[in-house]
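Both complexes shown next keep chain A, but they swap its partner, so chain B is in the first and chain C is in the second.
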Partner chain A sequence: MTTTIEKAPRGGRGLALRPLAFALPAIALLALLAFISLLVGVSDVSVSTLLRLFSHNDDDMATQVLVASRVPRTLALLLAGSAMAVAGLLMQMLARNHYVEPTTIGTAESAGMGMLIGILWWPDMPVFGKMGLAAVFALAGTALFLAVLSRIRLRSALIVPLVGLVLSGVIESATTFIAYRFDLMQAARSWMTADFSAIVQGRYEMLWLSLGITVLAMLAADRFTVAGMGQEFATNLGLNYKRLVAQGVVVVAVVTASVIVTVGIIPFVGLIVPNLVRLVVGDNVRKSVLWVAWAGALMALCCDLIGRVVIAPYEVPIGTVMGVLGSAMFLALLLSRRKRMGG
Partner chain B sequence: MKTLSTSPSAAAPAPVSWLGTPARRLWLLLALALLASLYFMTSQVQAEWSFVLPLRGKKLATMWTVAFAIGVSTVLFQTVTNNRILTPAVMGFDALFQLIQSVLAFTLGVAAMQIPELSRFGMNVGLMVLLSTSLFVWLFRGQASNLHLLLLVGIVAGIFFRSLNNFVWRVMDPNEFTVLQDRLFANFNTVSLPLLLLSLPAIALVGIWVWRQRHMLDVLALGRDVAVNLGVNYQRAVMGVLVVVAILVSISTALVGPVTFFGLLVSNMAYQLMHSHQHRYTLAGSVLLGGLLLVGGQMVLERLFGFNTSLSIVVEFLGGLTFIYLLVRKAKG
Partner chain C sequence: MSRSAISTVNRRQSLLQLGALVTLPWAAGSALAQQTLTVQQAGGAVQIPVKPKTILVFDLAALDCLRALGAEVKGVPEVVKFPPVLEQYASKDYTRIGSLFEPNYEVVKGLKPDVIIAGGRSAAKVAELAKIAPTLDLTVDNTQPVASAFKHLKILGEMVGNEAQAQTLIASMQADIDKLKALTGNKGTGLMVMTNGGKLSAYGAGSRFGMLHDVYGIPAANKDIKVAGHGQAISFEFILKTNPDWLFVLDRDAAIGREGASAAKLLDNPLVNATKAAKKKQIVYLNSANWYLLGNASPGSLHDDVTQLINAFSKA
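And then the complex of A and B:
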């Protein structure tokens, strides 16, 4: 709203220059963090090793660490962080509520259940099969949430995330029950807590798929903005609302499933990042979606770095770090809202 | 009854005529609970009685202690907050208790292990009371507190405490963690006997206090304004209730670990069944129902399905469904 008022008198040149003025430092910041992420770890990797990588004639220990572990890890962080953030943004459009994201409405928990069942019944399934199964479950979980939501007539802004949190708790307890029955409790817990320490070459490539889908979602951002305004509005503009929602749910489910199968559940990125971005950029998805992807990657990098540094040479998994920081930020978000309402 | 849109009187089915009074239904419940307990103690004994009876006796005592702690704390909490969807567990109380335990064990290290059980438990409960009441007062300061906001804050606070707890565990010395774990995740089969013996007098004291306050609680349930008009020292009464809630939550969490939705299930079943607003019925009813559910559920799982510790998972599942049902119904109404 404010942006349109500000922009009107500025004219074309200002419009063209302003995003660039923000984008360059943003990219620089992300690159800096990614660079730090390459250097931090148990075995020493120095700046000179990094430089040597480009002259590609060495295969000493440090270079190998870099190629086999550090680079994949950093890439995985960038991909997973931005994918989850964009999935969160999309979910918020579909549920028409700012306080939901795949890990608080049951999508992620359902995907986890699908993975567990896949491992129980078809242990030799290839990774893509696992992901497919997880995606199907994630789809079902998201659809269940939306169905429950549509049955609630009075949709106070806060009841939506409440129902979501409880639903994901119920799905999780069902998963725990299955895991308990088959003596897989510990294993299941360790798959599902996001952890990038096991990411090496050959174990993260599936995330490129989520990047592809995320980019597709970005291109369709306008449509999803319209979907976020409700069925009547979308239909009036000539869009097939139901199909649009179905497409959105598929995108969210596949992205979530690919991230969970590769690294585990990363909580709160999809919740915090879009909300923070919205505070700065506003509600227009086409404008904010790139920033959301950027900030998601940034947040994943930061949290992973914190986890790696805080009890070095050991690690705190990113799922835990994000759980602490993310829930604290979510609380702050909720309570600042209360202050605004004068409660 | 404007504040109680989830009030049972609105939707409860008409009570069966030959069980017309709440008192009669309570007696029936008591009889059922006694029968279940008796059956639990004596059925399918394959070893020496002298071995089986103490073992099962400890389990039974634990289940009833937990049923009491969870049932009473939930009803009291719902009375004070004037709401039938809130429970101390939903608001993150037991996660807070676990966090306090972990932080104490982490900061004091081995020294924490040498403090005798009694004073350690006292210390934990003291901290718990302090933290939870200040949290509560802070949250409920505003008159027009939005229920949904409050619930959401509670649930997220629970997630926050739990994640922080996970974090502390990661940082902890593995040996210390092993000792802590024994204390945090006891189940019905491996309860520490000193803790159980410690809880029983505490439960008895709380029980006497609550029973003597039952009429004041009935007044509190009418809401702040009415209660103040009827001459209740509201601030003091609420504080007293909250201290009791904190003690009860500490006991149940210390004994069997956190159970989020069990209290919700039990208290709402009690409201439906008792069909009364008087605390002597709702309190007793929720305790008896809780015990019946735990003992009966444990028996079904143990002897029919051969599971051991999964009762809390099943109860969580059912309780979660109840919670969604209540939320959806409330939202519709």
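And then the complex of A and C:
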């Protein structure tokens, strides 16, 4: 467990200026990528189409593509990327370990199992029902993980993610078994890998819900910082630790479920982004949460753009791109950390 | 199984029996009991008995062939829902011998089969099954699906001793195909997509659903779609850009459970609605079970599917 101890804030001026100096280019970079994301795709959408959109409503094909497909897809990427990254950050605070995230501890796998059960028993269920079911399962899976964790005495930094991986492996096998028995393997696989190619108007709005919940998590940032210091510490400070953990688990579960129902499991964002941000900003959730959301959105945009360009006019699902880039980045992160800490 | 040579072999008295076959087909019953048929297939030659008593079938297209040939089958795979053509096999009279992919070897062994028929999804298990009983691998060759379907019908017809019926079926399938082909040439281009868990993939000529272009003569709206087992992942924008006159949709979720609604819901969006296919109301929801599970390459499925397409094209 590597908790960076924050330096006490020095004068007010430095604090107020420094974030702004970083924030403006950061926002500009994200805006630029989002802009590129609007322009890249199978149909031709040009800058002039974009401008026309703001001037007057034109009913031509390019505008239609933009409104029905590009804008929703870009928004979905921003929302899902930032939501998964923030969910990862929260999970790391709750588990007090930097190597966990919803897709490695069973939250995502449980949500997937919920969706499978939904498909099996209530195939005509509306999308909100599916999400509800996935969220309930995700809740149960996350709670199970935390329960198992609380029973483990020697919690070395490596044991925690290992427990998570084992648990998510078990849950995934159970899901696979059910899917196999009912000939639903491919349907199950379709939400195991995230893919934004089918995102159009009317099929991504669920993700606004995750934005709302992400904002809630931001508001409770200080509490989660304290939670990251452990039960005794949090209780000493007068916090209801159990309730805080429960709230955190609900946030993580609902965010994960809404992302999985809409696009599928996005791996690595929740793992890498909070760790990268932590290297720069430190462990204070209030300071880092906006950066985590920003970097998550950025990473999702980049990976999806790569997937759209590599074999155009076909697509590589973002889950695959993220898997490749993410594992490389994670390795680099691990190795660099080892070096910093002297082996 | 490509380039298979079928030859009827009688080990003991080939000449005498050949004579019996020609002159007294109705009296040949008892003599034929020892007769075998040699079939060349991917794993080498296999000798299967003629008029076998206990037939186990893993491949649904082969099951449809045997149904059309009027042959008795003892065991069928476990499927969630049998396609309409094969509804009769949902009855408990037929022993369940495993899934489409994975045989239940104990059950298979216990039935003491005379012949096992596998292929396609169960092709990988042929070698293992062959240790129990002679096993036919009737995997359809996607590069020439019809020729391969006819070949399988011939083999099965010969096996169950009903070659005449096999020939009749082949002739009627060919007639169906010709009738459709005469309609498709000048009615515009087509694109085949499969929906699966809310995602889209495209299939082109030479693929597992390439029959639409290769055999039925529907011009492909996009000629560059690479052949891949699960198609090429595409977006709605791809459909709009390709802008086919006909959109053929296979709802994979429906193939294994329920029909229609979900693919139609998925495709009802501004991008698809702007295509020529949507404007002309030429989005055809294929009979997914027939196409997906039977490969549209067996007598019953092909007839149903061609009829559906003939109806669609004769309206256009």
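The definition used in the following text is that the second predicted complex is superposed on the first by the 326 of 343 C-alpha atoms of A that agree within 3 Å, B and C clash if a C-alpha of one lies under 4 Å from a C-alpha of the other, contacts with A are read in each partner's own complex, and residues count from 1 in each chain.
Just so it is clear, a contact is a pair of C-beta atoms (placed from the backbone, for glycine too) under 8 Å apart; a residue touches a chain by one contact, two chains touch by 3 or more.
Note that this is a predicted model, so its numbers are computed, not measured.
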So, after the overlay on chain A, do chain B and chain C clash or fit? They clash
Is A:V316 touching the first partner chain B, the second partner chain C, both, or neither of them? both
Between chain B and chain C, more residues of chain A are touched by B
Item to complete: Based on the superposed arrangement, let me know which partner A:A68 touches: chain B (first), chain C (second), both, or neither?
Response: second
By the touch definition at the top of the document, which applies to A:D124: first (chain B), second (chain C), both, or neither?
second
Exercise for review: Examine A:S173 and indicate which partner it touches, taking first as chain B and second as chain C; both and neither are also allowed.
Suggested key: first
Applying the touch criterion given at the start, work out whether A:M229 contacts chain B, chain C, both or neither, answering first, second, both or neither. neither
Of the partners chain B and chain C, which touch A:G41 in the superposed model: first, second, both, neither? second
Using the touch definition from the top, say if A:L184 reaches chain B (first), chain C (second), both or neither.
-> second
Check whether A:I27 is in contact with chain B, with chain C, with both or with neither, and answer first, second, both or neither.
neither
Exercise for review: Have a look at where A:R151 lands relative to chain B and chain C in the superposition and call it first, second, both or neither.
Suggested key: first
Chain B and chain C footprints on chain A meet at residues 180, 314, 316-317
The residues of chain B that touch chain A in their complex are 142, 144-146, 148-149, 151-153, 155-157, 159-160, 162-164, 166-167, 170-171, 260-261, 307, 309-310, 313-314, 316-317, 320-321, 323-324, 327-328, 331-332
Counting only contacts in the complex, chain A reaches chain B at residues 99, 148, 151-156, 158-159, 161-163, 165-167, 169-170, 173-174, 176-177, 180-181, 267, 310-311, 314, 316-317, 320-321, 323-324, 327-328, 330-331, 334-335, 337-338, 341, 343
In their shared complex, chain A is touched by residues of chain C numbered 79-80, 99-100, 196-200, 202, 230, 232-238, 240-241, 252-253, 256-258, 261-262, 266, 269-271, 274
Seen from chain A, its contact residues with chain C in the complex are 41-43, 61, 64-65, 67-69, 119, 123-124, 180, 182-184, 186-191, 195, 197-198, 200-203, 313-317
